[in-house]
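Here the chain labels run A, B, C and D in written order, and each chain numbers its own residues starting at 1.
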Amino acid sequence: MGQKVLFFGDAGIDDAVALTYAYLSDDIDIVGVVADYGNVSRVQTIANVQYLAKVFKFPSGVRIIGGAENPMTGEQPIFYPEVHGVYGLGPIEPGTNAGVIENFFEIVKIIEEYQNELIIVNAGRLTSLATLFLLYQSLMKKVKAFYIMGGAFWVPGNVTAVSEANFHADPIAVRIVLTYAKNVTIIPLNVTDRALVTPEMVNYIDYKGKAPIIKPILDFYYHFYKSRNPSILGSPVHDAITLMACVREDMFTYRTLPVHIVLEDGTTARGQSIADIRTYIKFDEQEKKHRIAFDFDYNFFFRDFMTVLTGETFT
Amino acid sequence: MGQKVLFFGDAGIDDAVALTYAYLSDDIDIVGVVADYGNVSRVQTIANVQYLAKVFKFPSGVRIIGGAENPMTGEQPIFYPEVHGVYGLGPIEPGTNAGVIENFFEIVKIIEEYQNELIIVNAGRLTSLATLFLLYQSLMKKVKAFYIMGGAFWVPGNVTAVSEANFHADPIAVRIVLTYAKNVTIIPLNVTDRALVTPEMVNYIDYKGKAPIIKPILDFYYHFYKSRNPSILGSPVHDAITLMACVREDMFTYRTLPVHIVLEDGTTARGQSIADIRTYIKFDEQEKKHRIAFDFDYNFFFRDFMTVLTGETFT
Amino acid sequence: MGQKVLFFGDAGIDDAVALTYAYLSDDIDIVGVVADYGNVSRVQTIANVQYLAKVFKFPSGVRIIGGAENPMTGEQPIFYPEVHGVYGLGPIEPGTNAGVIENFFEIVKIIEEYQNELIIVNAGRLTSLATLFLLYQSLMKKVKAFYIMGGAFWVPGNVTAVSEANFHADPIAVRIVLTYAKNVTIIPLNVTDRALVTPEMVNYIDYKGKAPIIKPILDFYYHFYKSRNPSILGSPVHDAITLMACVREDMFTYRTLPVHIVLEDGTTARGQSIADIRTYIKFDEQEKKHRIAFDFDYNFFFRDFMTVLTGETFT
Amino acid sequence: MGQKVLFFGDAGIDDAVALTYAYLSDDIDIVGVVADYGNVSRVQTIANVQYLAKVFKFPSGVRIIGGAENPMTGEQPIFYPEVHGVYGLGPIEPGTNAGVIENFFEIVKIIEEYQNELIIVNAGRLTSLATLFLLYQSLMKKVKAFYIMGGAFWVPGNVTAVSEANFHADPIAVRIVLTYAKNVTIIPLNVTDRALVTPEMVNYIDYKGKAPIIKPILDFYYHFYKSRNPSILGSPVHDAITLMACVREDMFTYRTLPVHIVLEDGTTARGQSIADIRTYIKFDEQEKKHRIAFDFDYNFFFRDFMTVLTGETFT
């Protein structure tokens, strides 16, 4: 039996790689997938998850849940088709779903069913997760831990000079989650930007034949990253490494610090995540702190990712 | 059959007066009450609604629902026991409820059951309501109309010089609701501050004996208002007049205008509601506008309120 | 001998009307004019003052001083040629000045020369004035009083729904001035928007022949106001009535209150001036308060303005 | 003949070390010192400069100028006596000056006198300098270059997690200067925090006897830094290395980038300086860029500082 995971994401390429890992790993049991707005619209991300559910043969008990449609900022979300493709899964056309799915509140049953053994992995915007801390704060105490892909600590962002996309898109939601959630591990760009899957890795995984859609989506993804930065060696799999973190704790080096989120609208700093690393600062005992992955062991990542995705033991 | 109303409130004195009106009126059927944090904590407001359910003999089908526990600002809510009493109902000790009630998502069933004929009256903070516009935007299109107690347009606020308590406590939620909701009527302090129930009115209602707790709670309320402003003639029943609005449309004078909410933190202006009344401004056709009650007919209010609460016809 | 006045303005139509009043009044002696950026650029406002100096036969001792070129917000100022004409004086082409004039610091001599009897009337942006409170705070204590055209208290603004142009253009400067200045009287839109000079008044003044350029500039001005609001009866002379205030104190009804300036960028509320008028609020003794003209006597204004500009006694 | 330098500072320990360097160096001619509020009040910093003028035997032509008394934020400045001592010069009691000195506008003459060969070194808050860009923008084009001590780029701040003291104290002024100034070099904490003068260096300088007050002030300074961070090896001479920069360009490694200043009030991020270092970003040609010292050669610094302060050649 693997770790029960409720996965929040926006069902883009990144998320699909993470779900591929889960599909092929014995250590992770996905018990539900929440599809939020994000890289593409919610109506599309739900369709994407339905498509992925077929590809990865989700057991019947796995719930597909519609999450937030818009951020707490009151803005229309901005989509990035140039990064993730028109439908969010690179070259794949996942079809569209039939009608609107609004069933977010089914999440309550999942959390109750798996209480105290459930981990929430949040790979996309934090809007949906934040609503639960406003409405179901007692219930949320039954979640064992939270792994959040987001932020950038003392390294460049990917939307502005200092801000990462998930935190930038809804900093209000990030502030709510970081105010109320316990047992949080943040997997920021410090780590995820360097969790590169190279074309060689993709080709070998494809050759082994276990990971059904990894090649078309990561080829597409790499093409985007390469066009932006010709010297990049592979595609960063932000969401996959965040999912891996909940079962591969030793892969990372952490610091546990208070986290400040910049809310200032319309600027470079919006969504910036700040952790005070001054050695002479003493934090208040009461001050809320979160575990942040500042670094990781790439070789550990490489071996584990390849082992799981090929079925061959890499050592 | 009366108008089906789903009532969001913080179960303070104000809300109790509104529910008294609903209890005694044939024109309103309360189908559910959402208890949010607000003047007191959520755990207390739920207990208060449970107490009021007994007092007002709620039919078995009427749902009591726990709403938001905290605002979207990430702050701890500030309570005002000096205005509403320790428990929120003036001198009344409503007891406490047994255990946590977190059942917000049952609201989906209510909206579906009464779709297209349901009015939501929001008398407290807007946090709970705002989450629905993030998560269930299609569902919310099935609500016939929204009546919101909040804001102050070109008149003083009650928390700062310009800001009303509901809008000030969670301006982020207000912005979300006003961005997405359709068929909104705002009942601001312009009206509610002047919807005064005098001690004479209270005594007469009490003498007629139909309104069970109106005297102790409004006596308490008046004592507070009188101590702050010795020349005040009665207690403003903010929430009751907002509820009345959904069945007494003619009582008010409206203007339909775009509404801007100030978010700036920590200042006088936070939560201010601004409507542009310059006669020479032409709004964009596309710009979202809301109906705002700028004025009302006090005599209409007096007659209707007294008629319903005493069972005697005032003309 | 009249009241010594140092006049800060942006040398638009408004300012020219004010300077016409000063020219024809025995009660005011202009001792210097500071030309700031504002309705038009600083280089143009200096040229305009030089032109007006000839028209109004400024005595040789009257200094023309270049003020601020840009606001403290770091923005490029926005100009409004549709209101004030290409050069700022309606149809008049005042020529351009020869070379840059940067001599702001001569203002120190003026303040020292007339110390304790000098009034500063600020009819434009507050940027220049604000710098003096940062650099010459002791010197500024020698100014007898300040009259500031700006703000809008519980009445609509003229740039946004709630913000007046001078305060909106540089709210940072307004905050500095209101923090440090003593003996301030604010003449806001509450008054100035109703200080209307009708075409009939203009024609009669013109017929009497004492006010050299009043007809072309006020005809131009009225044309603008009329096109925006066909029912308007005349042109509001914001700056003239502010100048008049320093010698016609009895024309106004004042309230003395703390003033809060909204700084929030890029929004409707930016530059809003807020005064708390709630009757039950008790201000801290220490809190800085300013005298604000909430109302005025139009007939007083009419008689005084016409008497001075025609040389005929209006009673 | 050395480089003509007009020095803006707050006349604390740091500034005194910088002026010691200037006093003993043939490469720098201080032509004026502007004393702003900063670590201590302006009245004290002026007294300190007067004291230092005697210690360093300022030639009669060197002007002492009073700068800004308060920041553009409208706040009372916060002083840090624990860092710089009660009077700002550690254990030294410099006396007080006689009366108020408000003569900032004499700076105009200095800039005109030395036009096109003058460098402004700004070692303190940027308030005074910013006013010149509002009032004397043409004049400021005659300054050859600006060297500014401030900011922290991708390294911790010294007031908050991310903000340096000069930028944090008046971010409004920083934004003005960086918007309008040309030929700016920023010397941030990246460099200055590592420009350490050790007790051994101090003792040797003292033993050589040329630098009159270096030992008492740097011993005091080191005591503060040591108490905060026991492992620190010396005192960072932020202002001295900024002054040195204008004659020792080769000591540093620069990057030329647009700089964004965070204005958000009351938070960790206020005053943060952000430069986008993402390799794949292409800046607009028109975008204003500044030269930022990201790194320096400590040995170069050591040799130069010791050579100048001891009169002995260090190689």
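Basically, a contact is a pair of C-beta atoms (placed from the backbone, for glycine too) under 8 Å apart; a residue touches a chain by one contact, two chains touch by 3 or more.
Note that the coordinates shown come from a computational prediction; the quantities given were computed from them, not determined experimentally.
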Comparing which residue numbers chain A and chain D contribute to their contact, where sharing over half means same and under half means different, the two sides are same
At the largest C-alpha centroid distance from chain B we find chain D
In whole angstrom, the CA-centroid distance of chain A from chain B equals 39
Cα centroid separation, chain A vs chain D, in Å, comes to 44
Note: chain D sits from chain B at a C-alpha centroid distance in Å of 57
Shared-interface residues of chain B (touching two or more other chains) are 263, 265
Residue set of chain B touching chain C in the complex reads 154, 156-157, 160-162, 228-229, 231, 260, 262-264, 267-269, 272, 274-281
Listed in rising order, chain A residues that touch chain B in their complex are 66-72, 74, 100, 102, 104-105, 108, 127-128, 130-131, 133-139, 172, 175-176, 179-180, 263, 265
